[in-house]
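There are two complexes below, and they share subunit A, which is joined by subunit B in the first and by subunit C in the second.
So, the complex of A and B:
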């Protein structure tokens, strides 16, 4: 399969006055063309920082990539090690918006209020493609039509405040798609939307992904969204990947107690029994437990969990889990490969 | 757009009418009037009391024996002819003559000051905001903090000291040399004016800078935190374009609405600086008129300030409506 992005043991730390925050602390995954990777976790687990590290959008004065690698494989040419590029240099700017595009959580604030939708889409097109203004405008109208905005010839000249939330997210998607990116990172794209709109937007993203053989990283805290779109899922907790598995395994046979907890706290139609919340709450960035970070909330906690951090145990061709409960199997850490 | 402007001008005219009426009444509220002030002065200088008939006569000649409201309408009746009353303080000179040149100079100084303070404060604000928490940011913020907490007149004296004793300019206050003070405009006078201008302009401009700088810096920091800035970066735009085209463009909007308030402030707020520097603006006669209850002069200055305020706000609203598409004309 065509791998487009490979992240290995990525660590991004924030250096702030109060100390070091290990926002991303050992994240690995690989992404294939046409496939969807779901990143799921509660707020503060590092999923958004992961995406911004890939895009190199974090301020270098605050956040530092302390370890790991992010390899991007362009359609032609040598792979690019994204951790090594200058975050404000030409190389990353050629990739941003052009080969790796991103859509954000808040459609209400993701568009600049003083420029028209068309101006904002054309800006990306004119930046990355050598076309005339007229062609860029025509392309902007095309992508607006593609994402299902009615009367795109008129809408293109309207301002963001004239669009509803769902329409703005469509416009954001249009902007992200305007240069036919090979990877789309969607950071909670439907969290701020109504459920009916959510379904439409997810369907739209999937359809475009299918048409363009685009790789998708879907970041969300909502397992229903993951079930809808993902092929492979990584579950994050406090900056670490606790479980990585194909989507069916995650839902039918979750291995990590945290994944199990997330599923048990998920309301489902037709499910009669009471929801079981995960006890406790995510510890703050400075209260990280010594051993397994989930130990204080884990129903199966053992002495070993509090003392030692579990490595990743390989359970199948595409699944591994970081939990001492699976110690019988062969131990392989990601650093080895 | 046209209806918007027409409506604004119309409501401005009503506001103006009310402002002149209220200020005319308010000036007369304290006990005594311009005549009793003048009488007291005369008595003090001659040492003899004036006969009551003379005082009555004076009142009658000036029309001060009539009700205030009648006096008011008599006063505004002259406006269309350019007659704004007379000033007893300035030996019965017409108010229009006293204020004509000063108004022009005041507007000129105000607008020039605005350009200078904005022209410096906005770039400094951008510089500091994009280097948040750096040494330069701390330095500029501290400087602006000092600037904002020091009274204007003190800054004026300090700057004047620097201009004269450190920079060795031969500036000695005012906007004209003695021989050109009341002369008509000629090339020589213009040249003299240009020679006098830099020091007061620098003092006035730097004085208004601190506040504008702080607003600009805070606005820009707010905007830079917004999602659409990250979205703009994610498009692959250069940082320079993100800062100027996407962030600064929005961060200056609150400054535009501030300019409407600043225009009259530059005039009334610089009264003390004008006295310190002996600038021929509206300030000095205004304060003199208020002290002596010289109501035609004071009322006219108040009216001019109100007109500036209304014009400033009107311009700000129009520019803002043009600059921010979220603002509707209707």
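So, the complex of A and C:
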């Protein structure tokens, strides 16, 4: 299969007055054309920092990539090591928004209120493609029609406040798709939306993905969204990948106690049983526990968990889990790369 | 229905034809040019000790109803009879002074614990504030009461002197729960109490709310957009759309036998996982229309796949089903169309087999 993105042992730390925050602390995955990778985790797990690191959107004075690699494989040409490019240089600007595009959670705050929807979509097109203003405008109308906005010829000249929440998210998607990206990163694209609108948006994203053979990274805290769209899932907790597996294994046969806990916490219609929440709460960024970071909340915790961080144990061709409970299998180390 | 009509002894709150129309003002003289019909003629009863779930998309008016009940808003018209020790009182018409004793009985739990707790107050003082306002107990008694409450909601008395920013989101919502319960209310309006919380913490707060209900005999009106949360916690469910009630029924019936096409659309647009995969969701086209200019007839007819001519002209009343008085529905076609439940009979069999 065509790998388009390969992330290995990525570490992004924030250096602030109060100390170092290990926001992303050893994340690895690979992404194939036409496939969807789900990244799931609660607040503070590093899922959004991971995506912003890939896009090189983080301020270099604050956030530093301290280890690892992000290899992007363009349609033609040599692979690009995204950790090495200048975050404000030409190379990343050619890729960002053009080959790798992103949809953000809050369409309210990520659209500029003083420009029309059309101007904002055209900005991306004019930046990346050598076309006239008229052509860019026609393309903007095309993508608005593609995402199901009625009367796109009129809507293109309207401002974000004239759009409803679902329409704004559609406009964001239109903007992201305006340059036919090979990878789309969707960071909680439906979290602020009603369930009926969520169903519309997810269907739209999947249909466009299918038509363009686009790779998708779906970042969300919502396991149900993951279940619907993802092929492969990584579960993150406090900056680390605790489990990586095909989507059906995550639901039918979750291995890591955190994944199991998330599923047991989730109300499922018709289940009737009392929910079994994970005890405690996600520690703050400065309170990362020693050893396995999930140990203080884990129902299966052992002495070893509190002392030593577990490595990734390989359980199958596409499954691994970072938990000492699985210590009988062969250990894999991503640090070798 | 007239205000003197009898209300069942098990009813704690009876709402009749509640309306709240917000004026839209424009121009230099702030002339009223129209109304946002946030709640437009809603009637229902809340029974003592139950959890009544209130669901609907944003703009359906569910939060506005909650705020009318706690009288953060004064309804434009309508009756809300609340059962006090002295009998039924129409709280829709009370003024601020008359409301004071009622406020002890009806409390509200807010959505976002980050913005509903005063950042400059200590946790103990936040929880004690309602006790101060209602002048309950001596200072020492209040302190004991607050420490008890902290233990009760699973925080521990040592949290007394902390500030909200020192707590996690889940802990803050527990403070919100303790504050709402401090003056021993009988009816608690929970407005999206878990939607700002992480999944693992959401389950903790849901369980806490059920435990407290059982222990203290509380009645909840539980407002949420997440149907799986509502299904978990509610005994009965009311489905709202554009300021009107579409359907009300016991929770199990809502999911097993929806009677309003909007309920059907809502149920089938939520994710569902059956052995080996998530099914495709039904996609309800379009957005909720503007409450300034709601559609004529049935407000849902513009998005309803079953709509007929009568739906465009005549507003269907909310009526109990002839064969099932527990279920009321506002639909002209309720007895004609057969609607899809959340799980099909076949899916239900699969799930039950898997569970056994």
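Here is the rule we use: the second predicted complex is superposed on the first by the 335 of 337 C-alpha atoms of A that agree within 3 Å, B and C clash if a C-alpha of one lies under 4 Å from a C-alpha of the other, contacts with A are read in each partner's own complex, and residues count from 1 in each chain.
The rule is short, and it goes like this: contacts are C-beta pairs under 8 Å (C-beta built on N, C-alpha and C of every residue); 3 or more make two chains touch, one makes a residue touch a chain.
In this text, all values refer to a predicted model and were calculated from it rather than measured experimentally.
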Between subunit B and subunit C, positioned on subunit A by superposition, is the outcome a clash or a fit? fit
A:42 in the overlay: touching subunit B, subunit C, both, or neither? Say first, second, both or neither. second
Quick one: is A:153 in contact with subunit B, with subunit C, with both, or with neither? Answer first, second, both or neither. neither
Among the partners subunit B and subunit C, which is in contact with a greater number of residues of subunit A? C
Go through the superposed model and pick first if A:94 touches only subunit B, second if only subunit C, both, or neither. first
Which superposed partner A:164 touches (first subunit B, second subunit C, both, neither): second
Given the touch rule stated above, what does A:124 touch, subunit B (first), subunit C (second), both, or neither? first
For A:2, is the partner it touches subunit B (first), subunit C (second), both, or none of the two (neither)? neither
Return first, second, both or neither, reflecting whether A:175 touches subunit B, subunit C, both chains, or no partner chain. first
Contact-wise, after the overlay, does A:224 reach subunit B, subunit C, both or neither (first, second, both, neither)? second
Least Cα gap, in Å, left between subunit B and subunit C after the two complexes are fitted on chain A: 6
Touching subunit A in the complex, subunit C uses residues 57-58, 168-171, 198-204, 206-207, 225-229, 231-232, 255, 265-266, 269-273, 275-278, 281-285, 287-288, 342-343, 348, 351
Which subunit B residues qualify as touching subunit A in the complex? 226-228, 230-239, 246, 249-250, 323-326
Within their complex, subunit A touches subunit B through residues 52, 55, 57, 88, 93-98, 101-102, 104-106, 109-114, 116, 123-124, 127-128, 159, 161, 172, 175
Subunit A residues touching subunit C in their complex are 42-43, 164-167, 194-200, 202-203, 221, 223-225, 227-228, 248, 251-252, 261-262, 264-270, 274-278, 281-282, 284, 297
